[in-house]
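Per-chain numbering from 1; labels A, B, C and D assigned in written order.
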Amino acid sequence: MILMVRRNIVVERLRVPSMDRQKTELVERKGIGHPDSIADGLAESMSRALSKMYIERYGRILHHNTDETQIVGGQSAPRFGGGNVLEPVYVLLVGRAVTHVGKERLPYRSTAIKAARDYLKSCCPNLDLDEDITLDCRIGQGSVDLRSVYDTQRHLANDTSFGVGYAPYSETERIVLETEKKINGPWKKKMKGVGEDVKVMGSRKRDRINLTVAAAMVSGYIPDRDHYISLVEELRDMVHDHAVKLTDREVVVDVNTADNYKRNVFYLTVTGLSMENGDDGSVGRGNRANGLITPYRPMSMEATSGKNPVTHVGKIYNLLSLRIAENIVKELGGDVEEAYVRILSQIGHPIDRPQLASAQLVVAKGASFRKVSKEVKGIVDSWLTDIGSITDMVVEGKISTF
Amino acid sequence: MILMVRRNIVVERLRVPSMDRQKTELVERKGIGHPDSIADGLAESMSRALSKMYIERYGRILHHNTDETQIVGGQSAPRFGGGNVLEPVYVLLVGRAVTHVGKERLPYRSTAIKAARDYLKSCCPNLDLDEDITLDCRIGQGSVDLRSVYDTQRHLANDTSFGVGYAPYSETERIVLETEKKINGPWKKKMKGVGEDVKVMGSRKRDRINLTVAAAMVSGYIPDRDHYISLVEELRDMVHDHAVKLTDREVVVDVNTADNYKRNVFYLTVTGLSMENGDDGSVGRGNRANGLITPYRPMSMEATSGKNPVTHVGKIYNLLSLRIAENIVKELGGDVEEAYVRILSQIGHPIDRPQLASAQLVVAKGASFRKVSKEVKGIVDSWLTDIGSITDMVVEGKISTF
Amino acid sequence: MILMVRRNIVVERLRVPSMDRQKTELVERKGIGHPDSIADGLAESMSRALSKMYIERYGRILHHNTDETQIVGGQSAPRFGGGNVLEPVYVLLVGRAVTHVGKERLPYRSTAIKAARDYLKSCCPNLDLDEDITLDCRIGQGSVDLRSVYDTQRHLANDTSFGVGYAPYSETERIVLETEKKINGPWKKKMKGVGEDVKVMGSRKRDRINLTVAAAMVSGYIPDRDHYISLVEELRDMVHDHAVKLTDREVVVDVNTADNYKRNVFYLTVTGLSMENGDDGSVGRGNRANGLITPYRPMSMEATSGKNPVTHVGKIYNLLSLRIAENIVKELGGDVEEAYVRILSQIGHPIDRPQLASAQLVVAKGASFRKVSKEVKGIVDSWLTDIGSITDMVVEGKISTF
Amino acid sequence: MILMVRRNIVVERLRVPSMDRQKTELVERKGIGHPDSIADGLAESMSRALSKMYIERYGRILHHNTDETQIVGGQSAPRFGGGNVLEPVYVLLVGRAVTHVGKERLPYRSTAIKAARDYLKSCCPNLDLDEDITLDCRIGQGSVDLRSVYDTQRHLANDTSFGVGYAPYSETERIVLETEKKINGPWKKKMKGVGEDVKVMGSRKRDRINLTVAAAMVSGYIPDRDHYISLVEELRDMVHDHAVKLTDREVVVDVNTADNYKRNVFYLTVTGLSMENGDDGSVGRGNRANGLITPYRPMSMEATSGKNPVTHVGKIYNLLSLRIAENIVKELGGDVEEAYVRILSQIGHPIDRPQLASAQLVVAKGASFRKVSKEVKGIVDSWLTDIGSITDMVVEGKISTF
């Protein structure tokens, strides 16, 4: 059963079990201190700062894309109670921006670098910005053709691209997401020794959920190996106790499984960040816009972070699809168990008129697909009409992109 | 119906229509000249060259990962019949490698750079390597912990990660893939004006396939606008004529839809590569290991290109899953319409003993799932036993990673 | 008349008028904020920090040379009362250092970067280190051959090289030197609008001294053009009033002669540093070890700043020659009007046994060359014996190198 | 006796012995393969290429300065008969150039990079440009103030600066200069094992000249240590035999004095260039415009290489002073033993009207200073009138700058 509307919206019934009912499931979250997440965060913070700078000066967001930050890992020598970063992390900030308006030259590089430094300050408390990291910038002028399209006709899609979103989170997904947010949030006060580079992997086989946490420990807060071992145990217990509140399934938790105490292998860092010692990172290789990597779910390859929030459909449609899916489930929660939304743009056409917007629904037993499909169509249509609100939320920092 | 074996192999029946029977479908291929593909290609060629260098000297592949190349777009001023690259493309080659063995220092950077240049020579015929591109290298020493794990116990998974693969290609997928391969292959001789940066997007709604091709044209081969326009038309016709041979569905082809002849907007480049003028690129953001981006299919976020082919499960399991799926369909083609394979590693455990290997099958009408599941189990088991063959094929360049 | 001693010391009589009695004279000083001086200062501060780090860990200074910092000018848009740096200054810190001792890896890069940042903080008060400058570091491992020489046999010359020094300063030289030191010293409090990038050029024809001062003004302290004009006048008066206290000759002062008030050309900067807007700088191209550029005097081309203060004769012999010349004039002031000292090393030989140490003396009327030459020989010999004191003074920051 | 003319030309008698009659003398030449010379050569070749590009397009040389190239040494592992460069040399090309004329963007970076590569090809025959070196470019837009001065009023001095030159070469100077030119010229065919990085140091004490040659040997041409030792001996003999033809003084030659055959220390390189293994280089730190470093002579600190040849007095006045001095000695050879010329500019004034042009003459016994001074004045005046010829010779590559 397919319904078509003026805005080429397709609603489709999906006859598969919802994720929670499937037999196996895989979910990953790269925490805010993972090199790929830091790259995403830097990219997005630069785009936000540039957007604000443009708005302040010209009342509108000018063309830019800062979605290609590259992190080159440093070298470090942590030891219990201390240690040093030997060679700083090198960060290459890459992208395009409008650099001149008429004769006025704009502080696009300084703005980007300041935003990047401020972001690092906020999310890497154990990183010494003066010594441990180098921020280099090769942001240049954008492609002339794209900019002329953009400057003369706003709100036209910059590319033929698509976005994907779904809702709701499965139980495993929610646990994985919240585990990282707890570790890098409220639990931090009592566990300062746990760094920001936390990776949580959840794999479910039927009713058993395995959570594997890799957490870079901060050497300065950990005087010796006993302290380390007990911190790992404490973290495991906290993750477990928290997870079992969110599910009735069996939960098994492993922390830092690559450690080998006998051979004195510990996941110890000076800064709480694996990039201090050889781990590289780049934009768009970590979490999708919903904060997770979900190989059992449809995903977009487009990097959401760092793209301009006005015309870059690779960004807007991912964020929009997710919000539409969430909205559908919220409004029609009894009838729709799961919603998948995909939007496909056409380069040069208005972004509120996608080539195709499709919603696939897992409908609850007893619910009428015909009925819900109408409402879903309305929800999709209404979000497309109001697509500018995505831009505003991005600039104001109300939407996370990774 | 699930079957378990010693090697934790799960075979599952998938009760969904195969992709060709679904109502909508989206497929994209970034051609070999797309900046993300070039980044992938550089990454993979460096890894292959390092692998060979290590094998030649020590009889084994030593630790390395070169999966983080960053391409920073240049500036150019093409015009019909000629034009110039004004500012070269900047390429930062990033990664880790074993740099010393005992007292012997290894030519890891020179090897990587030579491989990168050779790769560019082979796939960017219109790029002047002396003037139009800068190759910089920040490949450094890897994380000590990972290397010690690696050096002492070979064939242990370097991470908790997963790979995903499926087979066969849907009709639309095959068309998208082959279209780019034709353009950048046999058709090149008669269409030298079509550059290597070709992007093919296929969207199918029921029985109508839209192919949107964006092809960077090479200014030196195109004396004027009339020539350009007729070349675009010729390309459209060739794509169409080729596609209709592969499907009974309706096929609509668009080429360079962002062009606007009235306003003198053409997709013209000096080098046939959009990176010459502001387009950035990085590893792992383009095609998956099967050469496509398929948002309606499960995908892995792991970059396959540039990772070491011995212990990096993010690479090996993606390539392996794909081969297993292909093998299943080839062997059981009548009974299995579609196979999805996922393999999940556990850090520190032998790579031939994954935490979980799952195969989901769309079984043909009338076929016995019980019967095929046994055979599938055997196929999976056999590939895991022979997992080293993946490494060999990668080093010999017999497997494409993007 | 030449006297030879065991230590190959040659003392020679020079039958030329002392500089003050010559008819023309040219002297230049690049102030501490000139890009070449900043490069020198960064190079020297890194060497000092590395020396201290090595001493702290190993009780001795290990091999390093950090004498190749390159400053790439940024872009800025100053305006009266404010303005912005648009594109940060890029600084490439270059050099060699011992990076490992046995299995211990040393924080050579972090140490160098911290020293560089601290130096900039101390001498560029109007530079925002977070936004206006990027410090990148390519300090690597040194040449193995040189290091092995160095590590096994301390205090052997690293090169065949020479140092040159003379004393005393001529009147014009003293005025030029002190003018800059006043501007960037005690006068700063009342003239905050005058930046650190001050260049003083003195040219004397007989009894007339022309002082040309180019001073980057700090836009934030200068609300309008009238303020600027009066500040330039105030600076000119202060320079003049100060100079005439040091000489009986006529003094003419010009400040910012490239200004053109009618065409609104002012030497205005955001940071007080010309490197903010396109001026590049590098080590060893500015002041010699005595703080001046004196094309009418013998000079060494060797960069003194940033070289290791143990074996690098290009550094030690320049500093030593200067001190010996000063010492000669101080001890024998009535008899010796001017002393020129040159020391030539031989690679691989002890640094206290130069190939040749020569002193040329302008002897006062009535003084006995034979008598003073003996004493001079003794002074030279004594300094060579005590050559290690130069190293100590350098590490403690008691000797300026530019 | 001083003569003044409209053009502020001062001619002065110098009552010192000419250099050949002084008791000690020091001379150094860094050969074309020395890292500082390579930096000079790259800088100058880029300036020449940009000048030609501007002339071709606009009939005039637009503003640029490319006088800040930085070479960061690589890593290598030479061995008799072969060896490898492990880590490429990194070269940062720095400077300013006009990047746009009206709406036309110019290929300033590509032009610079091509010139740099062509230069390396011509002077580093054993360097593999594909593998052993990375050329990066941060040439940007120049300071706006300077450019506006420049663009509106041609031929005005860009700075208050000076140039210095003298003639003739002393005997030792000629020997040092020619030795390197022979080694890197006609002798190359029969001594391929001698690389381009040759440093010649000449020190004279009275009638004995010591020549110390440091020559990087090319491992690929030297199968074993015996070959190396005999090549060193051959080189020593050739240098000696050549030198004694040019002087009646005693000549002692040393080659590669840091070698230690017992300890297996040889000056062996893969490329014939010490920069392959840790030696850095930068512009303006090597030879002066006459090809030598002469600490017993007046020298300018200004880098001559890479500066624009139209308004940059730091370049033009150095080249001009040298030519004037040569001209004086050529014309008045019997009467003038030695001539020193110095020219001081004033920023913003026409370059043919320097603030001061001074010539100091060592007059031959019996010659009339009054008479020669008139002629010298005429020579200086005539060269200043024809100052544009310096620009032309530079662009055509007829003048060496280092």
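Following the convention adopted for this analysis, a residue touches a chain if its C-beta (ideal position, glycine included) is under 8 Å from a C-beta of that chain, and two chains touch if they have at least 3 such contacts.
All figures in this text were calculated on a predicted structure; none of them were measured in a lab.
Steps from subunit B to subunit C, minimised over paths through touching chains, total 2.
Put simply, the C-alpha centre of subunit A and that of subunit B have 23 angstrom between them. If you average the CA atoms of subunit B and of subunit D, the two centres end up 51 Å from each other.
Along subunit D, residues 75, 87, 90 each make contact with two or more other chains. Contact between chains, as defined at the top, is found for A-B, A-C, B-D, C-D. By the touch rule above, subunit B contacts subunit A in their complex via residues 2, 10, 12, 14-16, 23-24, 26, 67-68, 70, 72-73, 75, 87, 90, 92, 94-96, 138, 140-146, 148-149, 160, 162, 164, 201, 203, 205, 210, 212, 214, 257-258, 265, 267, 274, 277-286, 288, 293, 295-301, 303, 342, 344, 346-348, 355-356, 358. By the touch criterion given at the top, residues 75, 77, 84-88, 90, 104-110, 113-114, 117, 129-132, 134-137 of subunit A touch subunit C in their complex.
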